[in-house]
Amino acid sequence: MDASYLDLLMAQQEEITEEAAGGGGVWVVADVVNGSIAPVTLEGIGAARTLADSLGAYVYGVLLGAGGADLAQTLYQAGADGVRVADDAGLSEFALEPYLHVLADLFEAEQPEVVILAATQQGQELAPRLAQRMGGGLIEHVTAVTLDEATRTVQGAVPIYGGQYFEILACPEARPQFLTIEPGTFPAPFVDSYRKGEPTLLDVEPATPAVRVIGPAEDFEPPPVPLKQAPVIVAAGRQVGGEAGFALVQQLATALGGRVAGDRGARDAGWIEAGQVVDVRGVEVAPEVYVAAGIRGDTFHNAAIEEAGFILAIHPDPHAPIFESADLGLEAEPQDVLPALLEALGD
Amino acid sequence: MDFTFSPEHIALRRMIREFAENEVAPIAAEIDRDHQVPMETMRKLGQVGLLGVCFPQEYGGMGAGEMGYCILMEEINRVCTSTGTNVGAHIGIGAMAIYLDGNDEQKRRYLIPLARGEQFAAFGLTESGAGSDAAAIRTRAVREGDSWILDGGKVFITNGGYADVVTVMAVTDPALGARGGITAFIVETDWEGFKVAREEDKMGIRGTSTAELVFEELRVPHENVLGKVGEGFVTFMKSLDMGRLTLGAACIGGAEMALESAVRWAKTRRQFGAELASKQAIQWKIADIATELEALRSLVYRVAWLVDTGQPFSQLAAMCKLYGSEVASRAIDIALQIHGGLGFSRDFPLERGFRDARIGEIYEGTSEVQRIVIASNIFREHGVRIRP
Amino acid sequence: MRIIVILGRVLDPSGIVVKGSAGRIFVNREEYLIQPADACALEAALRIKDGMAAEVVALPRSPLPDDDILRQAIARGADRAIYLTGPALKAADEAAMTGVLTAAIERLGGADLVLIGSTTLDTGQGQLGLRLAEALGGAQITGAWQVSSADGQVQAVLQRNGRYVAVEADPPVVVTLLPGARKLRYPDGVRLINVYRGVGEVGDALEAWDAADLVDEAALTPLVESRGKEFAPERERGVRASGTPAEMAQAAADALRQRMRR
């Protein structure tokens, strides 16, 4: 069999025909970013697929935007059984009232069992209003789901205190069950490029956004955050590789949106100020993420980073004490890995 | 006996702790290193009303009583002894004298701005020849018409370098001595004849002003006599009694700081394969500090209750000061030892605490004087009079 | 202008230790804070009040065992606070609270502006403010750094696509404030003492309202319930990445991205 005949065979089998919908189903509201479907939406379709299969229901995607109807195929390929598209100039960028209007009318008519949105700006603004309007329950920032089949209730794991533990929440009676899912926590679904379908176009009634953009807030400066409260810190040590190494540390800090700090050696070298020295004799820090580049890690430094959430250490000496404190250690010269790290983060 | 703090005092403590951690702790090392009074922080304390914590609301204060003042001293001294000392001298002896013995006019004129932190106070008693022997002061006040002319000087006056108002003790009748010969005056520091001669360069509490004051033909109007002429000794004894209690409260803060540091280091530092906290020698030291701290806490807050309920407290106040200063000194010494070499480093705050604690056993009545006060009170109850 | 501020309380996370391996949460020091984002909302309300005639009323985000944070709000400058009580309120979730709060706001005579934190420190939920916006029929501005009022309208500064943007809406508006937007001012000492003693100018500032007087019990039934806890695997330190520098860098990048998504 040659490739073109195989294509034809596959294409014929994967044309999705939607059964007459009688309501219900697991619906996913798509996020469109820079003209394409956001990865979190596909993760949502994957999660929806798993739930729908156990519920014996269909997966539907909803796409709002302007002129992006061809994006609907991506949703089919990820596993949607049906796609509704609202195509209107007024929906080209997310604004609450126009999007809410379309979705509220749609869900009122379709009465979903479960609605999944992304825990993005869009999803987080829409979900509570939809839930309130329809009398549904909402569980936000879900990182994993299971299904209580007896009651057809979704059980969502929600991170508490930033993920120190998870609370399992469920909405046993109210319907629809709304969920916002945390990007990057659900597996990306298998994308079947042969799967396709015919999306349904929705009528869009225009609605004016209630919040008007006046313009850029040029003079606005957010309040300064002291180093000991900074959520991300990239610190340089004596073995960072001189000025060049320190420059890479600065670049990494910028890339991660974090602050630059260092050990006493960095201060002695003149790269940082006294207020940036991470040490029990300097500043004790508790960031979510701490990167120690070229810091050997003496007791006084390591004691000052005990409360850090995640420590990445880069040092050429495999016996450096910093590795005992680090969650992940790279035994290498900072100058050898930092450029590659910056590149990997750039994607 | 109900040993719980009232809701307003619990709320007050929380407010002061928040203030202390956000406003006072960050400047503690700097004011010590640069020998600076934290003027801006003092003003902020005034703005939220804390510099009038114990004074009645009708005189610009918060009305939280001596209990509230002890809480303030504990919480501020827990993070910075220098700032605590500035506050203590301002409220506890400077403004307090005016509150205890001032007439209504004087309270309205002086106490209100002091309570609001719009002005600052100091207490002018000590002289080069009159420390523990406070009655041996030589500053002279001579009546001239409707004013008094003061000549002399004072030494080691906390806040003396920046106070707006100083309560000065002067001899008005040398023949009578302490009983009838000393008068208290409210002196405004911008008056002609009042001079700040110099600042002491001290071992500790370097974030405070400890000044030498000089009075040269300083004219004080008669309406600024605090209390009655000749009864100054009583005024200053009353103020010092109050001051002793609150110094005990300050020492709770100092000891707490020492204990917290010691515990934190003991659980972090590992030697010989285990944390210091697992070694009995360290555990026992910590238990000792903690026990003394609790005993001090009970003593101080009980005496604060005695003051707020109008009961006699003088003897117990002396015990607060005596015990408190010794507990704080022992605690910081132990904490420094537990930190080892790190404790000796100027980059680590413990050595500052060590230097700051030393003055506790000396100022506002040395430990020796406190012991004499306590013993005289005991023997007097048994009919024996002791003279120092 | 009437500004409603919604305040919640949270257990100070520095006083708790989560032991995943034992499946337990140890509360070593039980101290409660005002939800950090809600504290920013209160400060934002007080700043507006600094500049114009406004009444700031504090309401609770969730059922509270005592009125302490409401008293704190008054000590810091709120004009009034309403403590919602009643046994039926105990299990209320965001949906149930929306009903009670809407009724309470109505009983107060409505609100021009409702300020609340954009997220909670513990549960990370941001839905309450927006549910309220829906129930009140108002506009919503989410994740604001700053909020002000001029010419009868509400202005705010947000961050969208990495830039700071100024927006505006007509009242009634619900604005959710980011944690870290503004530091909450200290209480006024006299106000603090008086509100805890229930005397002076602020003696009547705190009122207790029974939730049953505001809505039926049915409306107080929570929609969402907890079905237990799950613990993440214990933190493993000392893990080394292997391979070439490029491979190590990739592993590091993946780990950082994972971590920073939270």
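Remarks
Which chain is which? They are A, B and C, in the order written, and residues in each are numbered from 1.
FYI, a contact is a pair of C-beta atoms (placed from the backbone, for glycine too) under 8 Å apart; a residue touches a chain by one contact, two chains touch by 3 or more.
Source: prediction; values computed, not measured.
When C-beta pairs in contact are tallied for every pair of chains, the largest tally goes to A-C. Distances from each chain's CA mean to the overall CA mean are smallest for chain C.
Centroids of subunit A and subunit B (each the mean of its C-alpha atoms) stand 56 Å apart.
The distance from the centre of subunit B to the centre of subunit C, each centre being the mean of the chain's C-alpha atoms, comes to 40 Å. Subunit A and subunit C have Cα centroids lying 23 Å from one another. Each of the following residues of subunit C touches two or more other chains: 183. By the touch criterion stated above, subunit B contacts subunit C in their complex at residues 6-8, 11-12, 15, 18-19, 22, 48-50, 52-53, 57, 62-64, 68.
Residues of subunit C that touch subunit B in their complex: 68, 71-72, 75, 183, 186-190, 192-194, 196-197, 200.
Every residue of subunit A that touches subunit C in the complex is listed here, in rising order: 96, 121, 124-125, 127-129, 131-133, 136-141, 155, 157-174, 182-185, 210-218, 220, 222-223, 225, 232, 256, 288-289, 291, 309-312, 314, 318, 323-332, 336-338, 340-341, 343-345. Contact residues of subunit A toward subunit B in the complex are 280-282, 299-300, 303, 306. The residues of subunit C lying in touch with subunit A in their complex are 13, 16, 18, 20, 25, 93-95, 98, 121-131, 133-135, 138-143, 145-146, 155, 157, 160, 163-170, 180-183, 223-232, 235-241, 245-246, 248-262.
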